[in-house]
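Chain lettering (A, B, C and D) follows the sequence in which the chains are written, and residue indices restart at 1 in each chain.
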Amino acid sequence: MTAVLSCRNLSRRFGAVHAVDDVDLDVEPGARHALIGPNGAGKSTLLHLLSGVLSPSSGAVALEGRDISRLSVSRRSRLGLSQTFQHSLLFLSMTARENVALAVARRHGVRPWPRRRVHSAVADRAGQALGTVGLADRSEVPAGSLAHGERRQLDIAVTLACEPRLLLLDEPAAGMSPAEVERLGALIELIPPEVTVLFVEHDLELVFRLATTVTVLHLGAELITGTPDEVRASDAVQEAYLGTEGQHTDLFLRPEPAVDPASR
Amino acid sequence: MPSILASNLTSLLNGLSIGFLLFTLAVGLTLVFGMMDVLNLAHGAIYLAGAYIGWYVMGADPTWTVFLAALGVAAVVGLLAGGALSLLVQPLASRPHLDQALLTLGVALILAELLSMAFGDDVRSVSPPSALAGSVDVAGGSYPIYRLFLIGVGLALAVVVYLVVERTTVGALIRATVADRDMVSAVGVDNRKVRIAVFGAGVALATVAGVFGAPVYGARPGLDWTILILALVVVVVGGLGSIKGALVGALLIGQVETFGRSLFPEFASFVLFGALALVLIARPRGLFGAPTGVKV
Amino acid sequence: MNRRQLLKLMGFSGAVVAVSGCGGAFGGGSAGGEGSVKVGLLIPQSGVYSPLGEDMRRGWDLWLEQNGGTFGEYEVDTVVADEGEGPQTGVAAARRLLNEERCDVIVGIVNSAVALGIVDMVNEAQKLLLVANAGAGDITAGQVSPYIWRTSFTNAQVARAMGAHMATLDLSGGVYVVAPDYAAGEEAVDGFTAAFTDAGGTVAGQSMPPFGTTQDYQPVLSRIRNSGAEATYSFFAGSEAVTFVQQYNEFGLADEVPLYGSGFLTEGQVLSAQGQAAVDVRTALHYSTELDSEANSTFVEAYEGAYSAAPTVYAVQTYDAAAVLDQALRGADALDGDAISEELSGLDVLASPRGEWRFDGQSPHQEMYLRTVESVDGSLVNAVTDSLGEFGQSS
Amino acid sequence: MNAHATVAPTVESAGAATPRGRRDIVRVVLLVTLVLCLVGLPLVADPFATTTATRVLAFALLAVSLDLLVGVTGLPSLGHAAYFGVGAYTAGWLSIHIGIDGPVALLAATLAGASVAAATGWLAVRSGGIFFLMLTLAIGEVLHQVAHSWRSVTGGSDGMYGVPATTVGGVDLANPGFLYWYVLGAFGVGYLLIRMVVRSSFGAALRGIHDNEPRMRALGYPVFGYKLAAFVIAGAGAGLAGGLLVAQQRIVTPDDLGFTTGALVLLAVVIGGAGTLWGACIGAAVVVLVRDYFGPALDGHGPLLLGIVFVIVVYVMPRGVAGVAGIRGKERAA
């Protein structure tokens, strides 16, 4: 089975810093693939290299065998690679429904004149997507007025509405309360199996609940890739990286300050 | 031909003196933008106010004392006006760039009208201090001494600004604010006073530039827009908010305005904006502007 | 669907007009009361030309004051409107004068574009426009309008006078020609070059720096120096004239290459702003305060008495506009453009502070003077050093 | 696949139908009254007022087209007058030299505005915020200089004068009332077309770009192309407005595409409240009235009045400015 997404020798330098250093990665179809590692391990940078937000210093990215290294974010998105962002990026002046509708509308073709039938189809589909993430009763609320957890849900609804084949989630649980994390886990479990998911997450509990494959990054390089059990059992991860068992939760569960750049 | 060499040398020298004058003008604009996030479109009108102060104080045949007095008056007026402008802008701090820019545009219109009421619409020319009047022979042609003086002033100002920004605590705060405004306020620095002071200093630089520029450009209605556009081009070419950019941009635009115009006389009208467009095509945020499109 | 609705609406309104046949925009209207003439004085009150506007207003007011405020039998009612810097304000202001104020005559206009911009308006209203400054040849050339007359000059006329004169000087190295890159500058350059080369002169080079945006003439000055020219002819006005003359001096050209020009280079307030830098600059113009004639000294004395300032050519042109209207209205049986134009075409020689002049077509045929800037008792004046002969718009 | 998915969203809207219907009726009545007033204006107003209203319409269409950029897409342009001027020069030149019919000239002006916008816009839409402002200013100034220097075509600073009165099907519209109706008709068409664009899915995408450009990219929208398309459509609108200007003014000068015009139309958009097209029309009316109606009678203090209006609007009418919010946030994020 060929990988949905693969990258070879992928590197990204910022000045002298090797944020991502010669990473090879294969994401298998239908996988729930987690990227973990402490702060500064290069997880987000790697995700951005895959989604096209950043361009690599060297190396290549392929989506279903097609080289996409030089394609823009929007081209990659149209090829079926969608992402959520660490700080939910939403259209804050629009309602939840309008947020999702924008994602749906692109696939129906955007025209500079009104098309009533398409419009209602888009609205229906948007309503459905909101229902999927449990925001049906919040559809007319401006995204800017949603609570943090709701914004995450909406973010996922918007991303799912793109009907991606590969979904990149950047720390979906960041800043969430335990209850919200629980709901998020359920939500991710509901993502159809044909959609492959690659996600970066600090919450190890969530990672081990969801992931079928885990890759550990350390100092920009790949430390190990394997099943959750393999990673848990790995001496390299335990000793060289995670430290003792007692500390590792602290390392991974340090909450990130939730700052949304678009809301300031 | 030696005379062609000489005229090119004169152009180069002249570009340098115009460039340094533009620097005194632009550094205030870029400082205010970098510190306060306000694109002050009243900068040109404030420059003109400075030029009128120069004309009014200096009179027909000014001595050094009178010249220094004019600079002093201009600096004080500039500081006060800047403080006032900063208070005017304060209520709009949470609003987008455009609102503040538009407010200053309105202020510019009003100020220009007030100046025209106060000083009339005649063209006023200002003599340099008598010690600096006249010309000297440079490379076979004569060259006004005052313009050589401007090069010195600009250099001195560049050094002073560099020392203040790089070596003092205020400078450190300025650098920090330019780099990350929110971080500085998050750290708990009460930058309200600092902001008023910086706005005052930025505006005072404009009025002082007006006095320095008066013997070259005079004072007249309409000069405010010409100057504003030059200053804007300089800071945009250099990169908004960057002091190094203001220096490099000013020197570059100085050369474009003299050397460019003499090399391509038939395209003289286009060299200024042509240069701006070229720089922005190559570097959309200016030469020393923040890098683009990296963070999401 | 929308378009059809719109068309329907349009048709409907058209029908209403056809039925009502009158009302608002469609009605005509005639001017002020019996025995008075309403004159719209369209002069710049804001922007860079406003000093000229001030002079023009003074010239106008002075004539009316001296002559009891009447043109012939008519009481003069003056309405002033701001021409601004160009057609955007000027044309709108003219429309206001014609349509809203219902003026019988419009006088003034500094900017040629404004005059050219209101040609159609004047033609349609059939009102007289007496241009008291704007110098574009086209305004009164080729019968643009029978209603547009001018008491000032054409750009080429003044330049031709200087061209013919400089050709008689011994300038074997040629003359360098400089003017700003705009319509008036081009007319001046063309007029000068034609007259100068026809009379055997050589042009050593030509520069047309950008109009309105040039702050520094050093590149031009370097080229003048390198061209080997023995004199420079220039056409500049307002702030550009100040900057050019001062820099010409600062960069040491004044001593090496004498500066000549059209008279606006050193006229009025511009001259005092230039200061000593302007001394010895020679210009051609149809007026100078220093003209030695009784008409002029009376005028200058009255003007200085009234405004504590020396008159300018702009004041004289507007003063003459009043005088011309007075003459015309003495004979005219109506105040429309046709009646006044007919009177104007019948006018003979007019006495003026500038000397006698007459209409050649619809623009003055007048004597041109060679003026040299001299310092008299600490103030600068344009001393009249020679007569350059008479010139009209086309000859 | 989820229980929530079956929640029907129609229940709520059904309940709201009646008040919304009443509001619609009020709206229609207001709209009809407005249209009647606009159409009936020349029947009651004098020629000067009618002509001023004609100018307001031309300027309003320019403001509406700029609003598509500023208010909808979030691209504040200072150089929009350039395309206005291009349209005006095109229509003027064709009327003088070829003598074509008014509507054809308008079409040509629209196309010219769009093509020049396409040729220059790709440069500007690469950037955003203040840099977009400066680039459009630069483009505007360059075109302004072209208008100045290309005397054989534009007439330079004297302007392109002697534009004949507009003809429609061979009948000429010298009468200010008929001309007003002609301009009103063209304005209506232009306004409705731009309104259609704003309300379409394309318009929604433009608002998305205004709100959050990176996210639009992530959703797969080719943002550059969309911004360029918005720029071109706005240029077309400005070109049409320029054609209307020359129909009324019958002279075009470089000032018509200069910085002052560009700044005034931006002011008009802001006064009206960026993002609402009818607001831009009101803003345009205020600006033209101050400049053309009150200005000339103020002894040269028109600009002072304009400056005061400017300042008051920015302070007192923040809602009017609300539409441009987000420029700042976007700039940080980009």
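Operating definition for what follows: a residue touches a chain if its C-beta (ideal position, glycine included) is under 8 Å from a C-beta of that chain, and two chains touch if they have at least 3 such contacts.
Treat the numbers as computed from the prediction; the structure is a model and nothing was measured.
Enquirer: What is the set of chains touching both chain B and chain C?
Expert: Neighbours common to chain B and chain C are D.
Enquirer: Farthest from chain D in C-alpha centre terms, which chain would that be?
Expert: A
Enquirer: As a quick test, compute the distance in whole Å between the mean CA positions of chain A and chain D.
Expert: 41
Enquirer: If you average the CA atoms of chain B and of chain D, how many Å lie between those two points?
Expert: Centre separation, chain B to chain D: 33 Å.
Enquirer: Between chain A and chain B, what is the gap in Å from one C-alpha centre to the other?
Expert: Inter-chain centre distance comes to 47 Å.
Enquirer: Centroid from C-alpha atoms only, then distance chain C to chain D, rounded to Å. What do you get?
Expert: Going by mean C-alpha positions, chain C sits 36 Å from chain D.
Enquirer: Name the residues of chain D that each touch 2 or more other chains.
Expert: 145, 148-149, 214, 301, 303, 325-326, 333
Enquirer: I need the residues of chain A touching at least two other chains; which ones are they?
Expert: 53, 85, 89, 261, 264
Enquirer: At least two other chains touched by the same residue of chain C: list those residues.
Expert: As it turns out, chain C has residues touching two or more other chains at 46-47, 50, 181, 210.
Enquirer: For chain C, which residues count as touching chain D in their complex?
Expert: Result: residues 2-3, 6-7, 9-10, 12-14, 16-17, 20, 23-27, 29, 44-47, 50, 53, 80-82, 84-89, 91-93, 95-96, 99-100, 112-113, 116-117, 119-120, 124, 136, 138, 144, 181-184, 186, 210-211 of chain C touch chain D.
Enquirer: Using the touch definition up top, name the residues of chain A that touch chain D in the complex.
Expert: Per the touch definition, chain A meets chain D at residues 51, 53, 72-75, 77-78, 82-83, 85, 89-94, 98, 101-103, 105-106, 108-115, 118-119, 122, 127-128, 131-137, 139, 158-159, 162, 190, 192, 261-264.
Enquirer: Would you pull the chain D residues touching chain C in the complex into a rising list?
Expert: Touching chain C from chain D are residues 35, 39-52, 55, 145, 148-149, 151, 155-159, 161-163, 165, 174-177, 180-181, 185, 188-189, 192, 249-251, 253, 255-256, 260-261, 291-293, 295-303.
Enquirer: Taking the touch rule as given, give the residues of chain D at its contact with chain B in the complex, in rising order.
Expert: Against chain B, the touching part of chain D is residues 76, 123, 126-127, 129-131, 133-135, 137-139, 141-142, 145, 148-149, 214, 259, 263, 266-267, 270, 301, 303-304, 306-311, 313-315, 318, 321, 324-328, 331, 333-334.
Enquirer: Mind listing the chain D positions that touch chain A in their complex?
Expert: The touching residues are 1-2, 4-7, 9, 196-197, 199-205, 207-208, 211-212, 214-223, 229, 233, 325-326, 329-330, 332-333.
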